[in-house]
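These are the structures, in C-alpha cells.
In what comes next, subunit A is part of two complexes: it sits with subunit B in the first one and with subunit C in the second one.
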Partner chain A sequence: MTDVIQVTGLTKRFASLEAVKDVTFSVGENKIYGLLGRNGAGKTTIMQLLTGQDFATSGSIKVFGESPVENASVLQNISFIKESQRYPEDFKPKHVFRSAPWFFANWDAEFADRLIEQFRLPLDRKIKKLSRGQLSSIGVIVGLASRAPLTFFDEPYLGLDAVARQLFYDTLLADYAEHPRTVILSTHLIDEVANLLEHVIVIDEGRIIIDQDADSLRSTATNLVGTTKAVESFVAGREIMHRDGIGGLASVTVAGLSPQEKQQATAAGLELSAVSLQQLIVRRTNTSEKEFEQSA
Partner chain B sequence: MDDSRPIFVQIAEQIENDIIAGVMSEEGQVPSTTEFAAFYRINPATALKGVNLLVDEGILYKKRGIGMFVSPGAQDTLVTKRREQFADEYVRPLLTEAAKLGITPDSLADMIRKEATS
Partner chain C sequence: MTTTDTIVSRPSTPTSRILAVTKLHLANPWTIITLPWMILGIIFAASVVVWLLIHAAAGPQSFGETLEGTQWSGGLNYIFVYMMVVAVQAISITFPFALGYGVTRRDFYLGSAVTFVGLSAMYSLGLAILAEIEVATNGWGLGGTMFAPIYFGEGFFQRLFIFFVTHLFFFFVGSVFASIWVRWKATGVTAAILALGLLLLGVGAILTLTENWPAFGGFFVHFGFVGSYAWSLVLTVLAGLAGFFILRRATPKS
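Our next item is the complex of A and B:
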C-alpha cells in the first residue's frame, strides 16, 4: 500500500518551546486517521507543517512523495479545514463556495449545495455576522465537497450542535465510501468519532505515543469488574493501567487479554467490558506523564 | 459477560443473528459494506472485516462484481455453532448466578419448566 504522507525525524521549535519532537510516522492511502491528543499537544502544528503552512526546524516531510512547501502540485490535492479559518473582509458564504472550485480540482458544487441546505447555512450574510456554528459549517462543507485526495479537519465542529455534528460524521462516512480518500481528523471529542477511524495517532507533548490500527488498539485493554477479591486474584502479576473501587467491588483496566484469559475471567465471575478509545487514550497519556515525572 | 469484543466481531454476530432469524435468507444478497458502515456508523474497513470473517467461515460468499450473498446451509451451520456455545454463554453463567443466590440446579430446572409453560 502506498503512503500519502511520510514524516521522518520531524522537529518544530518556536523560540524556547519544542512543539514537535523528533516525530516519525506515515499515513496510508484512503484511510480515515484520527490525530488525537490534548490541547497544546502539537496536533495543529503537525498539520501546519504537513500542509506547507509552516517550516520544520529539522526532519523531512513528504506528501505525495514531495515536500509540501511552496509546492503547488502537492497543495492542490490538499484540503485543510481549520477551526480558526479567516476569510476576506466582507466575504459572504456564497463567495467562499464560488471561489472553492479555483482551488479544488474535485470540487462538487451539487454536493456543496445539498450540504448548504442540510446545514441550513445562510449564503447571503456577511461571514463576520455568522454564528460560531455557522462559521464551522462553512469549513465542514468546503472540506467535504472539495473531495481532496488528502483532507485535514482540525477541530472542525466548534459551535456545531449535536445534530450538525452527526450530519457531518454521517456525510463524511457515506461520501468517503463512495469517493475513497485520505482523511485526517483532529479532535478531542474522541468518543464521537472513535468508530469512524481506521487508524489512530495520539500525540502527547510533541511526541507520538500511539500509532496503531483502531481495532487492534481497542483490544489492547479490557475493563474487569467484580468483587475486590476475585479481581485482585485474577490481575495479580499483570500490567494494570487503571484501578477503581467502591465498597467490596473493584474495577481494573488491564492490558490485552487472550480469548482463553477472557474465558477464565468470566469463569471467575468477572464482568468484562470494552475500554473506549477515549478512556484508553486518557489512561495512556496519564501513564506517560507519570513515567515522565519519574524520569525527570 | 464479555462485552469487550472488537466492533467487527460484533458486526459479524449481528449478521449471523439476522441469518438465524431468517431476516437474511439463504442465497439472498447481504447489504454492502458501505450500507453496513452507514447504518452502524463505523468505518467501512471495519464493516469489511466483519463481513470477511463470515466469508472465511463460509457463511457468506462473494459473487464477483455483484456483491455478497448468504451461503446455502448457512442457517443450519450457525444454529449448530450457537448451540455448541449455548452452555458456555448461557447455562454456565445462569448456574453461577443461581449458586450465588443459593438456588440448586434442581430448583433452577423447576423454575425453567414453570416459566416455559406459563
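Our next item is the complex of A and C:
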C-alpha cells in the first residue's frame, strides 16, 4: 500500500500549550479517514501542519513523499476546507467558483454547478450576508468539486441542516467511488459519518489514542445485556469499558470477544449488540482520561 | 513507495502560480478598481460644483486668479490611503483563503506584489492622463486643479513617475503592516508602530542635537523634486522585502 502521508514524532507547541504531542501515523492512498476527537483535541492543528499552514515544533511530515511547507508541488494537490473559512472582502460565491479552477487542476465545473443547485446556494449575494449554513456549503462544494488528490474537511458542515449534511455525505461517497482520492474528515458528529469512514484516527489531548481500520475497530467491543447476575458472571476477569444497570438488569461493554466467546455469551442468556463508533470512542476517550489522571 | 498514481503533475510553472494569485486578487474588481474610480469621479464632480459656486460668488472679472489656491488641492490624496487599505485587506484577508487553495506563501506574496505594481501602473497612467487634460483645458475650463496639483510635478512623464512611486510606497507599506498583522496580530502592529515612532524620534533627535537639519533639507534640494520622490523607492523596497520575510513564516489563524 502506498502512503500519502507519513508523520513521525510530530510535536507542535504553542506558547503555553502542547497541542500535538509526539504523534506518529500514516495515511494510505484513496481512503476516507476520520480524524476524530473532542473540541480542542488537536485535530485542526494536525490538519494545519499537514497542509503546511503551520510549522511543526519537531518531528517529520511527509506528504506525497515531501515536506508540505512552502512546497508548491505538494500543496497544489491539496484542498483544505476549514470550519470558519474567511473570504476576500466583498466576494460573492460566484467569485469563489470562478477562481477555484485556477488553483485546482481537477476542478469539475459541471459538478460544482450541480452542487450549487442542490445546496440552493445564491451565487450573486455578498458572502458576508450569507447564512452560516450557506457559508458552509461554499466550502463543501469547493472541497468536492476540486477533486484534489488529498482533500481535508475540517468540520465543514457548521450550520448545515440535516438534509444538507446528508447530501454532503452521499455526494462525497458517490463521487469518491468514481474519482478515488484521499479524504480526511475531521468531525465530532461521529455517528453521522461512521458509514463513510474506512479508517479512524482518534486524537485526545494531542495524542493519538486510536488509529485503526473502522471495521476492526467496531469489532473490538461488544455490548452485553442480561440479568445482572448472568452478566457479572460472564464478564468477570474481562476488560470492561462501560457499565450500566437498572434494577436487576445490567448492560456492559466489554473488549473484543472471539466468535467462540460470543456463543458462550448467547448460551448464558445474554443479548449481544454492536457498539456504535461514537460510543466506542467516547468510552475509549474516557478510559484514556482516567489513565492520564492515574499517571499524573 | 512515495509516488502515487492520483497525484497530478500539473503543468504549473512558478509564473503561472504567481499570476493565478494576481487573478484571484482581481476576481472581484469592485473594491480595487471600480469603487476607487467612482469615488474619484464623485470627488471631481463635487470639486466642479464648488468651483462653479466660487466663480458665481466672485464674479467674472477675476476669473484668472479665483481658483489659484486649488493648485494645492488634496483631492487625489485619498486614493493613496485607499490603496494602502486595499493592500492591507488583500494580504490579511485573502492570505488564509489562498492558502486553503494550496498556494504557497511565496507565490501568494509575489502574486500580490505583481497585483500592486499593476494597479500602481494603472492608476498612475489614468491620473497622469487626467492631469494632462486638466492642464490642456486650463482646469476643465474653470481654472480649477484636482489632478495636477503642484506637488505632483510638471509634465506627463514627471507626474506619471511621481504617481507611480507614491502608489508603490503606499501599497508596500500597507503590505508590511498587513504581514505583521497576519503574523503577530495587534501586538505586532502596535509594537511596529511604536518602534517606527521611536526610530523617527531618534532620527529627529540626532538631527537636532548635531544641528544637521539644514543638511537634511539639503538632501532634498540636492536630489531635486523628482529625485526626492525616487528615494522613496528605497523605503518601498525595504517594506516589500520585510513583508515577504514576515509573511513567509506566518500562519493563517482565524
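Please note the rule applied: the second predicted complex is superposed on the first by the 296 of 296 C-alpha atoms of A that agree within 3 Å, B and C clash if a C-alpha of one lies under 4 Å from a C-alpha of the other, contacts with A are read in each partner's own complex, and residues count from 1 in each chain.
Note that contacts are C-beta pairs under 8 Å (C-beta built on N, C-alpha and C of every residue); 3 or more make two chains touch, one makes a residue touch a chain.
These numbers come from a predicted model, not from an experiment.
Student: After superposition on the shared chain, which partner residues are touched by A:T222: those of subunit B (first), subunit C (second), both, or neither?
Tutor: In the superposition, A:T222 contacts subunit B only.
Student: Quick check on the superposed pair: does A:G269 touch subunit B, subunit C, both, or neither? Answer first, second, both or neither.
Tutor: After superposing on A, A:G269 lies in contact with subunit B but is clear of subunit C.
Student: Looking at A:A109, would you say it contacts subunit B, subunit C, both, or neither? Reply first, second, both or neither.
Tutor: It touches nothing on subunit B or subunit C.
Student: Should A:L249 be classified as contacting the first partner (subunit B), the second (subunit C), both, or neither?
Tutor: Neither subunit B nor subunit C is touched by A:L249.
Student: Contact-wise, after the overlay, does A:H95 reach subunit B, subunit C, both or neither (first, second, both, neither)?
Tutor: second
Student: Touching A:L158, do we find subunit B (first), subunit C (second), both, or neither?
Tutor: In the superposition, A:L158 touches no partner, neither subunit B nor subunit C.
Student: Is A:A72 touching the first partner subunit B, the second partner subunit C, both, or neither of them?
Tutor: second
Student: Applying the touch criterion given at the start, work out whether A:A177 contacts subunit B, subunit C, both or neither, answering first, second, both or neither.
Tutor: first
Student: Taking the two structures together, which residues of subunit A meet both subunit B and subunit C?
Tutor: Shared contact residues on subunit A: none.
Student: Going by the contact rule set out above, which residues of subunit A touch subunit B in the complex?
Tutor: 31-32, 169-170, 173-174, 176-178, 195-198, 214-215, 218-219, 222-223, 262-263, 266-267, 269, 271-275
Student: Which of the residues in subunit B come into contact with subunit A in the complex?
Tutor: 1-8, 33-34, 37-38, 40-46, 49, 88, 92-93, 96
Student: Considering the complex alone, what residue numbers of subunit A touch subunit C?
Tutor: Touching subunit C: residues 2-4, 29-30, 48, 51-55, 62, 64-66, 70-72, 75-82, 84-92, 95, 98-100, 102-106, 148-149, 180-182 of subunit A.
Student: Considering the complex alone, what residue numbers of subunit C touch subunit A?
Tutor: Checking each residue of subunit C against subunit A gives 1-8, 10, 12, 14, 17, 20, 23-25, 27-28, 30-31, 89-90, 93-94, 96-97, 99-107, 248-249, 251-252, 254.
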